[in-house]
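Listed below are the structures to be examined.
Next come two complexes, and both contain subunit A; in the first it sits with subunit B, in the second with subunit C.
And now, the complex of A and B:
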C-alpha cells in the first residue's frame, strides 16, 4: 500500500505472499482449463468483484480482532441491513438516502450494543456478539413478512454500475480498504487499537481508555458489515433474512482475517493481510468453478486451506521466537 | 526538611475484603531523592504505589504533589500529574516497534493523524539519553528482557516525570544490566527527579537509596537515611530475624555418588556442557542474561533438548528429548516464571500439587487411589507448610512463596531425584525465601541433587555447594562454596577462561 516505510512490515510480506499465491493459482487454473477468458480484463474484474462483500465484512472484523475482540453478529446484521434497505426503498429512488442513513444508524446501534457488552459489561465477545446476532436473526425471521420490498433500480448501480470499466463496488472496496489501512497505520485511533489488543493492562496503565477503544472498534465492524449488507441488497435487488447466514460471512470474515496474519489474541495484523486472505478465497472459488469441482468438495478444500494457512503462521511465529 | 517534598502521602489506608493492606502509612519523597521502600510480599508496597499511580483509590489519607492536594481516579490522571510507574510486569506490546511502545497512549498526533517521524526522533533521543543502544524501529519481541526494561524506562521518561516509581525494576535483570540501570537511576536523581524504588535486593537498595522506608503488614516501621540503615537492620525490621540464619548451614558430609552426568551437551544455545550432579549436592549455575543458563535448564528438563552429547543417570545413558522423559527419569522442573510455566492458576492447590503425578500415571488409574488420594497429597502439603485456608482453594490466591512450596510438593510426590530450580525466589519475600532454601537443603541432604539457576548471586553463594558459571553458551568455570561474587563475575564476564578449577569429567 505504501512504499515510504523503511521498517520491516511483517504484515505486508504475508499479504504479498498470499496475494501472489492466490493470483498464481488463479492463472494456472485458468490456463490449465483453457478458460483464458478469465484472464482478460473482464475476467479479472469478475474475480475482484467476488471479493467485495466478504472484503467489506472482513475489514471490519479485522478491527475488532486487532483490539482483542471478535464479532459473530455480522452475518445477521448484513441480512438485517439488506432487508431494511429494500423495505424502506420499495423501489423508490427518492428513498435511497434515507434508507442508507437508517441502515448505517442501525449498524452504529448494533456496534454500540456489542461494544458496550464486551467493553463495559465484561462479557466474552464470542458470547456477547453471538447473542446479539441471534436476537437480530430472530427479529428478522419473525417480522420478514412485514418487511418485504426491493431496492430502487438506481441503487443497483452500486453493484452493477461502473466507471471506465471499473465497477463502483470495487472502487468502494478499494477506497474503504485504503481508508481502513490508513486509520490503523497512521492515526491515534489505530495506534490505540494495537495497544489495547496487544496488552490491555499495559494500555490502561498508559492512560488509554481501553473500553472506549473497544467500543469504537465494534462500531467500525458493524458499519463495515452494514456496507456489505447494502452492497448485497443492491446486487440481489431485495434482501432476505438469510443472505448473511448463507454467505457464512461471520466465520469466513474471521477465517480470512486470521489467514491474513492478524492474530486472534489481538495487537498484530492489518488490513493488507486480510484483503489478501479475501483474494485467496475469491481465487479459490473462481478456480474451483473453472475446474468444475463439486460444491461439497469445495467446502472441504476451503477448510483444509484455512487450517494449512494458520499452521503456516504458527510455524513462522515459532521460527521468529527461536 | 528544607525543600518541599515533591511527593507526600499521609495517613494512607486501604482495605480489601479480609485484608487491611495499608494502615495509616505516611511516605514522602524529595526532589532529587531516591527513596527505597522495603518490605515482604504483602507488606503493602505495591498497594501504596498503585494508589499513587491512580489504579486504586485509598480509603483514607491524602496525597500532595509539590504541596498541592491531588486525587486520582484513573492512571491517566496520575500520569498527567507527572507520576510515572515502571511496573514489575512489563507492559509492552511485543508486536509493535520500540517507538510505538514508548509513545503508547501518548502518541504525537495532529488532528488524530500520527506524526511517526517525530515519534521516531523523540524515541531515539530518549533512548540515547538513557544510554540504550536500541533501534526505535525494532520490534519489541526481538529485544531481550533487559532491553525491554530500558524501553519501559524510556516510556516513563517521555512524560518528563517528576516522580518515577520503580517496582522491582531489576527483578528480571542480571548483574551487569542491573548496574547499568542503577547508573541510570543515579543520573535521573541528578536531574532532580524523585525516585521511589522498590526492591528485594538489599545490596541495590543500600547502594542507591538516600532514604529507606520499611513496610510490614501494611504499616510503616520506620524511615531512615541510608547511613542509619545497615542491611542487617533492614532485614530485621522487615522480618524480625537476622540475616545470618538466612541460608541453611552447609551439609556435614561430602557429596555421594554421581546422580546425573552431562557430557559434551550441545544445542543451538549451548556448547560442550560437561558437568555432574552428585547425591546430596546443590549445584548453582550463574551467568549473565544471555549466557545460556536458561537454555541449560530447558535442556535438562527436555524442553529444548540437547542435540549432541550424552546424559547419564546413575551411570546409565538416557534420552532427554521431552519433559515427559525427564520427569520419568526423575528430573523435576521448578520454573522461574511460575505463573506461565509452573501453575494452573485457576485450579486448586491440591490439583497443582498432583499435576505431575496425574500426568505420569495411566489414563485409567482411579483418581483417588494411593498417592493420588486427596488425603495423601494434603498430608504432603501440610508437611511442606504450604499455607492456605484449605487446599481446595485456587492456587492463584496464594503468595509466591506458598506457590513455590506447592510446586516442590508436586515433585516430591513424583519422587524426583533431581530438581532443576530456575530463579527459585524471584518475587518471593524474605521469610518465605528462607523456608525455600531450607527445603532445598533438606531435599539434597536426603541423598538427592539440585541444580539451581539464578541471577541472584548472594543467593547462589549462600545456597550452592559449588557454582558453575556460564558465558556465551559454555561453562566458563566453576567455583567452590565460599567463593566471592567477584570470582563468579570474573568467570561470567569471560575474563578467566583459563581458571578452570573443576568442570566435571
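And now, the complex of A and C:
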C-alpha cells in the first residue's frame, strides 16, 4: 500500500510509547516535588493499585470495542455488583462464594441481554447499553433501602492483602490482563473478534457466526465490569448504588481504550494499549495529587489530555471520522 | 447559502415516516397524561408543559444537527452548566449587564462548538471522544470558576426568559416567553435544514462522507457548523434553565444523553444519514411527556430511569425493525 515507516505491530508501539510517557511524567513530578517516597516500591505499588478498577473495566471494554460495539452499561453494572455482593455477604465469610457466584451470574445475564440486543436485535450499541444501564441504575437506586450490608472482613483481603509486598488486586489485574491478551492473540475466539470488528460482512462470508461473537464479547465485558465491582466492594467494604457512576467508569473505560490505540470502528487494537492508557490516567492522577492541583482543574486537564492523547495517533488517519 | 426550492420525493418519504413515529408516541403519551389529569387538555397547562419541555426540545434540535452529520455531542450538558454558572457570576444581580452577558455566553458556546468541530475534522478524533473531552474540560472550568458552588445572582430580566408567562393573551389565554423562544428556535433550525442547502449537505455527509466529498460537499465546514449549532442550542437551553430553575452546579447534568435519546426516539438514525427536525422536536416532547407521566403516576424517581431505559430500547428496536422490513 503505502511506503511510509515499517510498523511491525502498531498497537504495541502505542502501548510502549504511552507507558514510557506516563512513567516519565510520574518520575519527573515525584522528583520535582521532592516526593521521592513515591518512587519507592511502596509508592509504585500504590500507583499500580490505582489502575485496578479502571483497568479491569477497560479490558472488558476493549473486547466489545474490538468487535465494533460499545458498552455504556458497565458503570451501572459495577454499582449493582458492589451493592449485591455486600448485601448477600452481610459480613459473613461463609457467604463469600455464593455472593461472588451470584454476582458473576448477574454479569453474564446483563452481558447476554446487551449482546442479544446489539447482535440479534440490530439495535445501536450506544442506545442498547445506555438503556440497559438506565434500567439497572433505576432498579438499584429504587431498591437500595432494602439492600444494605457489608462484605465479609475476609473478602477485603482482595483489596488489602498481598504476598511478598505485591497486593492480590494487582496480581488479579495482571493475570486477567495476560489471559485477555492471550485470548485475543492466540485463540480462535480472539481471531474471530478481530475479524468481526474489522469486516463484519467478510467475517460472515467466511463462515463466522458474527452475532455469536458479538454476544460473547459483551458477556466478557460485563464479567470484567463485575470483577471491578467486586474489587470496589472489597475496597470500600460496602457498595453504594452510585460508585460506578461517580467513577465515570463507562466513559473513562472507553477513553482509555481509544487512547491505547483501539479504534472505535473495531478490528484494531488490543489489551496492551488499553493498559498503557490506564497507566497514563493513574500516573496523571498521582502526579496531579503530588502537585496539589485542585479537583476541578484536574478535570480540565484530564479532558484536554483525553483529546490530545487520541489526536496523537488519530491525526494520521486518512479519510473521515465521525 | 442558496435556497433549495424543491425537495426530491425520495428524500421526503423517510422524513414523513420519522415525523409520524415521534408524533404518534407523543400523542399517545400525552393522551395518557390527559387521562390521569384531564386539566392537561386546557391550553394553559399545555403551554406550561411546553415551557418546561423547551430546554430539552432545543437541546435535541442542536444534537440532531450533529447526529445527522454522523457524530455525537456529549458536551451539551456541560455547556448548559457553564452557561448557568457563568451568567450568575458575570451578571451578579445587575440587570443592566444582562444582554451583554448573554452575548458573551453565546461567544463561549460558539468557541466550544468550534473546538469540537475542528478537533473532529482536522485531528480526526472520533466525536464521542472529542466531546467527552470537552465535556470534562468545560465542566471542570465551570466548577473551578465558580468554586464548586452556586454564587452570584440572576436578575429578573434574565430569569424572565425562562419563567415569564404573559396572561390574558387573546385566543390562547396564557403564553410563556419560553414557548416563544422555543418556537423561534425551532423555526430557525428548521429553516437551516429545509430552507438552505445545508440540510442536504448534512444528510450527505452523515450518510457517506467520502461520497459527499467526491460530490463536492464541503465536509469539514458542514461538520464544524453542526457542532456550532449544537453548542448554540446548549447555550439557549442553559439560559432557559437558569431562568426556570435558578443556579446550580449540576444544572446540565445528563442532558446530553437525554437529547440523544430524544432524537433517536423521534426516528433519527445514529451515525447519520436519516432524520428531520421533527424527529428532534417530537422525540424530545415524547421524552418529556414520559417524564411527566411517570411523575403523575407517582413512581419513585429512580424507577423513572429504568422505564426511560426500556422505552429507549423499545423505540430504537421498533424503528430498526421497520427499516429492516422495508429493505
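The rule we apply is simple: the second predicted complex is superposed on the first by the 308 of 322 C-alpha atoms of A that agree within 3 Å, B and C clash if a C-alpha of one lies under 4 Å from a C-alpha of the other, contacts with A are read in each partner's own complex, and residues count from 1 in each chain.
Just so it is clear, a residue touches a chain if its C-beta (ideal position, glycine included) is under 8 Å from a C-beta of that chain, and two chains touch if they have at least 3 such contacts.
Treat the numbers as computed from the prediction; the structure is a model and nothing was measured.
Trainee: Once the shared chain is lined up, is A:203 touching subunit B (first), subunit C (second), both, or neither of them?
Mentor: first
Trainee: Considering only the touch criterion stated at the top, classify A:187 as touching first (subunit B), second (subunit C), both, or neither.
Mentor: It touches subunit B, and subunit C stays clear.
Trainee: Could you tell me if A:112 is touching subunit B, subunit C, both of them or neither one (first, second, both, neither)?
Mentor: neither
Trainee: With the two complexes superposed on chain A, say which partner A:25 touches: subunit B (first), subunit C (second), both, or neither.
Mentor: neither
Trainee: For A:168, is the partner it touches subunit B (first), subunit C (second), both, or none of the two (neither)?
Mentor: A:168 contacts neither subunit B nor subunit C.
Trainee: Which partner chains sit in contact with A:242 here, subunit B, subunit C, both or neither? Use first/second/both/neither.
Mentor: A:242 sits against neither subunit B nor subunit C.
Trainee: Of the two partners subunit B and subunit C, indicate the one touching more residues belonging to subunit A.
Mentor: C
Trainee: Please identify the positions on subunit A that touch both subunit B and subunit C, taking each partner from its own complex.
Mentor: 320-322
Trainee: Sort out for me which residues of subunit B touch subunit A in the complex.
Mentor: 53, 55, 74-76, 79-80, 85, 87, 90-97, 100, 103-107, 109, 112-114, 116, 137, 141, 155, 268
Trainee: Give every residue of subunit A touching subunit B within the complex, in rising order.
Mentor: Counting only subunit A, the residues touching subunit B are 6-7, 186-192, 194-195, 198-199, 201-209, 263, 267-268, 320-322.
Trainee: Given the complex with subunit C, which residues does subunit A contribute to the contact?
Mentor: 117, 121-124, 126-128, 130-142, 251, 254-255, 258, 264, 294-304, 306-307, 310-311, 314-317, 319-322
Trainee: Going by the contact rule set out above, which residues of subunit C touch subunit A in the complex?
Mentor: 69-72, 74, 119-120, 122-130, 132-141, 143-144, 148, 206, 209-210, 213, 219, 257, 260-261, 264, 270-272, 300-310, 312-313, 316-317, 320-321, 324
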